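Here come two complexes built around chain A, the first alongside chain B, the second alongside chain C.
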Partner chain A sequence: MSALTLPATLDALEDIGQFVKETAVSGGLDTGAAYRLRLAVDEMATNIVSYGGVAEIVIAATVTARDVTVTLVDNGVAFDPRRQALPSEAALAAPLEERDIGGLGIFLALTGVDRYDYAREGETNRNVFTMRKAPAAPPT
Partner chain B sequence: MNITVSQRGEVSIAAILGEIDGKTAPLAQAQLMPILEATNKVVLDMSSVSYLSSAGLRMLLVLYRQATARSGKVALVGLSEEIKDTMSMTGFLGFFEVSDTLDAGLLSLA
Partner chain C sequence: MKIERATLLDTIPVLRLSGELDLSTVPELRRAIRGLIEETQVNFVINLTNLDFIDSSGLGVLVGGLARVREKQGEIKLVCANRRILRVFEMTRLTQLFEIYDAEEAAARDFAARRGEAA
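Moving on, here comes the complex of A and B:
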């Protein structure tokens, strides 16, 4: 497992993006899966550093034979993104003139990855993003 | 993130280079809004944009509203497959003129 602790500011987003991209490469994710994992983690990290009221954010990664997992940890107030109302289909089809832009980040974070988990552990929020690796080609 | 602006006839072309995220989207928006206030036809050349988050979508929304309020148009050129996917999932893609090449983008505004 690798991990990084960063000051919780918007400047951290670049380092977080780089960390996820390197993890995705070392984990052997394809381009699309790597991009969606980075997007999901970036959206949640943006939320945490913008609204979490925390000093630091921790990002950690685990690669196994089957999947790549990235975890964001912060010690802000409890925030379970799964309890947020996601934009409805009607809202996502509405003309841009009438859009309420809120909620798109959480929507992209929760829907872009193969599995998303949230846990409140003691005083910390744990956001866990998992992408399954594409199955290896069968032997010929 | 870096923006280079050029003029082709009545169309302003803004070529964006880099990643558009929660940090850079407000900076990009601040540079692009004056262009949309001065010109009705703008091409955003995104062929060198490798990443666009919801903060970038918010920026596109603001630019779109600015353009349509003035009966102007914003064309997007050179979107990566991943950015197209994000814009499609969030219902943004259909509201912009989207082209693969700069020439096609210019034609879409003609």
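Moving on, here comes the complex of A and C:
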């Protein structure tokens, strides 16, 4: 497992993006899956540094034969994104004058990955993003 | 992120974005859009094809810009031949809000045709 501890500032987003990109490449994700993983982690990290009121954020990655998992840990107030109301299909399809752009970040974080898990452990939030690897082509 | 400004068909401004459009770079795009509107340019193209990354803050600036130009009967047409960026628009159904083209020429031709109809 690899991990990085960063100050919870906007500048950290670049390092977090780079960490996820390198993890996705070394973990063997295809480019589409790698992009969606990075997007999901970026959205959650943006939320944490913008609203979490924390000093540090920890990012860790685990690669197995089947999947790539990235975890964000912070010690801010408890925030379970799964309890947030995501934009409905009707809201997403609304015309411009009725459309509320809010909530898209959490929506992309939760729906862009193959699996998302949240846990409150003691004083920390753990956001876990998992992407499954594409099955290898059978030998010819 | 870099923003290059050019002109299509002698009259239609285009902003060509490259690099990463996220929370740290959205102020640059917001300024560029605001600058065009202040010049009374409310019909323009934004080319996203060379973007490596866009997040919800980038989408928010584009939607905000679209709302502002439509208040003035204008339009922002997007160009995006980049599958990964386009996928983010599909996930958020913004493909229903924006006119998205594969190439700048097609977007500019549509603007020109609309002007022709209005004349």
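Here is the rule we use: the second predicted complex is superposed on the first by the 140 of 140 C-alpha atoms of A that agree within 3 Å, B and C clash if a C-alpha of one lies under 4 Å from a C-alpha of the other, contacts with A are read in each partner's own complex, and residues count from 1 in each chain.
The working rule: a contact is a pair of C-beta atoms (placed from the backbone, for glycine too) under 8 Å apart; a residue touches a chain by one contact, two chains touch by 3 or more.
Keep in mind it's a predicted model, so treat the numbers as computed, not measured.
Colleague: Please tell me, clash or fit, for chain B and chain C sharing chain A in the overlay.
Modeller: clash
Colleague: Which of the two partners, first being chain B and second being chain C, lies in contact with A:G17: first, second, both, or neither?
Modeller: both
Colleague: For A:P139, using the defined touch cut-off, is the partner it touches chain B, chain C, both, or neither? Pick first, second, both or neither.
Modeller: After superposing on A, A:P139 lies clear of both chain B and chain C.
Colleague: I'd like to know which partner A:D42 touches here: chain B for first, chain C for second, both or neither.
Modeller: both
Colleague: Does the superposition put A:L96 against chain B (first), chain C (second), both, or neither?
Modeller: both
Colleague: By the touch definition at the top of the document, which applies to A:L108: first (chain B), second (chain C), both, or neither?
Modeller: both
Colleague: Find the residues of chain A that appear in the contact set with chain B and again in the contact set with chain C.
Modeller: Residues 10-11, 13-14, 17, 31-32, 35-36, 38-39, 42-43, 46, 50, 92-93, 95-97, 99, 101, 104-105, 107-108, 111, which sit in both footprints.
Colleague: Which of the residues in chain A come into contact with chain C in the complex?
Modeller: For this pair, the touching residues of chain A are 10-11, 13-14, 17, 31-32, 35-36, 38-39, 42-43, 46, 50, 92-93, 95-97, 99, 101, 104-105, 107-108, 111-112.
Colleague: Per the contact definition, I'd like the list of chain C residues that touch chain A in the complex.
Modeller: By the definition above, chain C touches chain A via 20, 22-24, 53, 55-57, 59-60, 63-64, 66-67, 70, 83-84, 87-88, 91-93, 96-97.
Colleague: For the complex, give me every residue of chain B touching chain A.
Modeller: Spelled out, the residues of chain B in touch with chain A are 19, 21-23, 51, 53-55, 57-58, 61, 64-65, 68, 81-82, 85-86, 89-92, 95.
Colleague: With touch defined as at the start, can you tell me which chain A residues reach chain B in the complex?
Modeller: 10-11, 13-14, 17, 31-32, 35-36, 38-39, 42-43, 46, 49-50, 87, 92-97, 99, 101, 104-105, 107-108, 111
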